[in-house]
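In the two assemblies presented below, chain A is common to both, partnered first by chain B and then by chain C.
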Partner chain A sequence: MTTTSDAPARTAAGTPPAPDGADLAVHLLRLGDDALVLGQRLCQWITRAPTIEEDLALSNIALDLIGHARVLLTRAGRLDGTGRTEDDLAFTRSEREFTNALLTELHNGDFAVTVARQLAYTHYAVLYYEALAGCADAELAAFGARAAKEVAFHRLHADRWTLRLGRGTPESARRMRQGLERVWPYTGELFDEDDVVRRLAASGAVPSPAPLRPEWERRVTEVVTRAGLTVPAGSWRARGGRDGLHTEEFGLLVAELQSVHRRFPGGTW
Partner chain B sequence: MTGPAPATARRSVREVRERVEAVPDPELPVIGLGDLGVVRSVAPAADGVLEVEITPTYLGCPAMPAITAAVRDVLAACGHPDGRVRQVLSPPWTTDRITPEGRRRLTAHGIAPPASLASSASSAPDGPVAVELGAVPCPRCGSRATRPHSPFGPSRCQSVLWCTACREPFPHLTAL
Partner chain C sequence: MNAPAGTAAAVDDDELLAHFDALLAEGGTVEPRDWMPDGYRRMLIRQIAQHAHSEIIGMQPEGAWLTRAPSLHRKSVLIAKVQDEAGHGLYLYSAAETLGVDRADLLDALHRGQQRASATFNHPALTWADTGAIAWLTDGAAVINQAPLCRTSYGPYARAMRRVCQEEAFHVRQGYDLMRALCEGTPEQKEMAQDAVDRWWLPAVALMFGPPDTEAGGADARTAALGAAVSRRAMAWGIKRHTNDELRQRFVDQCVPQAERLGLTLPDPAIRWNEERGHYDFTPVDWDVYREALGDDTVWARQRIAHRRAAHEDGAWVREAAAAYAARADDGAAEEAEDEAAVAVGAGEGAVFVGGAEEGTGETGACAVRAGGVAGEDA
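Our next item is the complex of A and B:
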């Protein structure tokens, strides 16, 4: 701990937002956008999942993610000095202002692609939220503790499907292999560390995701191996989401997410 | 008895708490907010305004706005129109907060209550597929010959199990 370690806790009170809350606002917005965008993507499975149980599973997971996004965006809006609410942030930002990791916006693809994306995200999110649960900021720590338990349940769902598809038929194994290959180049961005994260981690405000990567790799490799598959090799990796540079398919997702708000600005029911 | 009190009579903190705890959960109306363990405290805040602290079951629980509105109505009806409802996340809600009476009411209405987290701590932490080890008894016939059907159910906090004796599915409040 450095002598500045209490600074984030002081800004955590939130009112009025202190200037050193800016880094934390950026970071929480990224985490919140990850949850919001992945939740929105998963909602696109509703009525299209392979079984009714799977429809319920994916929509319930999406609901949890949107719950996480609400907490994170609310806090980010309070910290960044703009006074924006969770709704302002979700519904009035343009595509370039979203800072989610590209992994979370990837098109659902077939069911195996969605499972592979869930496998990568949930193993990361459990590790990161567990680390967040130990941070000095009481509000964020409470959120981390709770969210970690919820994503652990989602992780179980992803693990099971990875095993089931990998060890199912030759066709399901082929699809699962393709799913992993599709999403793997996008997983590295989850662990990226820039100056914002480095400053936050150095001050003890929130943990950096970077040191969690070896444990993440160990865990996903274990599941993928048990499924009779191999973790994709290859060094090409995509990044850009954290800087607002998104995939082509992201525009449609944002348009859909914001369509009701754009048509009925400020509408409530 | 001194005749009916006017609607705006200020009820005591204890009376307000009883009424808040009796508010039915919107998704599980067989159980009150008190028995569900959602009401954390009912007490005057530093500025003297009566404040009710509630904890969401799940962070994305869609019932929270309805619960907040219902608690506000109770506060107003109890003569505390300026009363506040505050959401607190810490410590997080767990199914161990459900009272014995709450568990009894759930069972009586066909919903198997959650296994106690404290007593299931010995479960293998990284078992391949187990959500909860140990058979959940069927709320209808009591049979322990039940098996998981779907870890996700009609609402976020419920999973679906199958009773091999009744040959019927039943909802189960997932331990968390």
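Our next item is the complex of A and C:
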């Protein structure tokens, strides 16, 4: 569907079979950016959540996500031949070099938007990390197994809040419906498959997310239905994040993320 | 307590009081269902609530830097720390609730300005180094202040404090480690570290220990007598174990050599070793110094409360939805309760200290950070 052109180690033509390492680096960077950017968004909630329990839960989820990002970015930096560390990748790339799905960078909105975004992401991430746990690369498989377990708790958190808000008060149901409508056009990109993913999947290195979509649909529909709501039909799909084409607000997120690191060139932390 | 002498009620109270005093004298703990004097209960509620509020308000200055932490390791450490503070708030509000008050009422009192958080956090966190200075100095002060509370006479409070102190000790080491990294970094980084210490020393040394309560500490005779009376009362009840000024001295004695190792200067020209006393001298925290540090009616004091209120008000519809849902959830209630328990474990909650259990938080991320991220000074 889309071709990725911003991976440093890839040739401009992109046609000759790239070495596995470069493809895998592109793919892991995408997954890592998803976790990093979503974790960054959740950090913006902390001290602002509706209850102290939620401050605690959201920070716990953010902490797990940053942990996933660290593993994935570190591996990506090793594989792409540039020798960049997790911090090089997180703090010195430009907006255009981030390859997270647009879903993860969406503004937090009200609590319902955040819950809807968490619902979509966590159901996807559990499925994908479980699939990753079966891959041949022992290090990645172990990471997938651990991450799937952690994200399963995040998913439970999102499921419970979807139910509470959907079946709570008329006001919360209205907001939850709006939250789902806000984020749903951005969910398709999570399952996009391009040449990189196809090559990786064909070689058996890592699974493609594309075949997981029907199961994801089934699961989120089940939760949303139990919440007394409907999955938005959606006439359009947003994409571009995997190619470094982001929302305008993303530049601010990256600027904030990198501000201290960039302010002290040569600094050690 | 106010019944005329000689009535049955007064006799009962006298007997209960004697029993209570005997219990404290032999170092026993008071539990929620035990009889306790009203004054004891009131003093505890006030102290525990103020402590809980301080944890919640204290999340703000560091929370403001979560999105800007300059490395992913430091970001993880800081998230874990702020998360711990939310957890401490929860344990402490729960401990206060065992004394017959509601968390919601305590929060309302905070929001309305009827109860206070520690004034330490009425100071702004202006740079990244402030997160290190706060953790090293104010958490360091907190540990010194709170370690004796692990043996405080009220059981639920003591159990909460044991867990709080364990985590605070990590924060101090992490803060020291953060400052060490800055001090070993570029000249600009070290300058940032010194600037943060210059601004956070006074709030830590003055405000974390409370006002002066001894003449030696800098109180005049009258206020010292009053402060000492309050401290004596709290000590007699086993709520408090040392005077504010004793603990303050202990803090200074701990920080001076640490600052020397970092190559940082504590902003008090009077600091010097006193061979005779076996302690470091420092500018006494008298009432003038204390008031200066207080910054009570500053824009920041207002902003901390405004931030809390905004979060609380913005979240009202969410709490209402949760309450309405809980009231209605009769179908599959057991299954949901099970799920909730699983979520609670996953989210590191489980503030089950009232019955005496003290479990680990059970979440991998934060534990990994704690295990891996601590390489600094022992508190």
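In this section, the second predicted complex is superposed on the first by the 247 of 269 C-alpha atoms of A that agree within 3 Å, B and C clash if a C-alpha of one lies under 4 Å from a C-alpha of the other, contacts with A are read in each partner's own complex, and residues count from 1 in each chain.
By definition in this document, a residue touches a chain if its C-beta (ideal position, glycine included) is under 8 Å from a C-beta of that chain, and two chains touch if they have at least 3 such contacts.
Note that the structure is a prediction, hence the values are computed from the model and not measured.
By the touch criterion stated above, A:146 is placed in contact with chain B and with chain C alike. When both complexes are overlaid on chain A, the residue A:71 reaches chain B alone and has no touch with chain C.
In the superposition on chain A, A:156 makes contact with both chain B and chain C.
In the superposition on chain A, A:167 makes contact with chain C only, not with chain B. Of the two partner chains placed around the shared chain by superposition, neither chain B nor chain C is touched by A:237. In the superposed model, more residues of chain A are touched by C than by the other of chain B and chain C. With both structures placed on the common chain, the touch criterion links A:40 to chain C but leaves chain B unconnected. Shared-chain residue A:56: touches chain B and chain C both. Chain A uses residues 53, 56-57, 60-61, 63-64, 66-67, 70, 146, 150, 153, 156-157, 159-160, 163 to touch chain B in one structure and chain C in the other. Within the complex formed with chain C, the residues of chain A that make contact are 36, 40, 43-44, 46-57, 59-64, 66-67, 69-70, 73, 86-87, 90-91, 110-111, 146, 150, 153-154, 156-157, 159-160, 163-165, 167-169, 171-172, 175, 256-257, 259-261, 264-269.
Residues 53, 56-57, 60-61, 63-68, 70-71, 138-139, 141-143, 145-147, 149-150, 153, 156-157, 159-160, 163, 226 of chain A are the ones touching chain B in the complex. Touching chain A in their complex are the following residues of chain C: 56, 59-60, 63, 66-76, 79-80, 82-83, 86-87, 89-90, 93, 128, 181, 184-186, 188-189, 192, 307, 310-311, 314-326, 328, 336, 339-340, 342-343, 346-349, 363-366, 368-369.
Residue ranges on chain B touching chain A, taken from their complex, read 56, 58-62, 89-93, 128-129, 131, 149-154, 156, 160, 174, 176.
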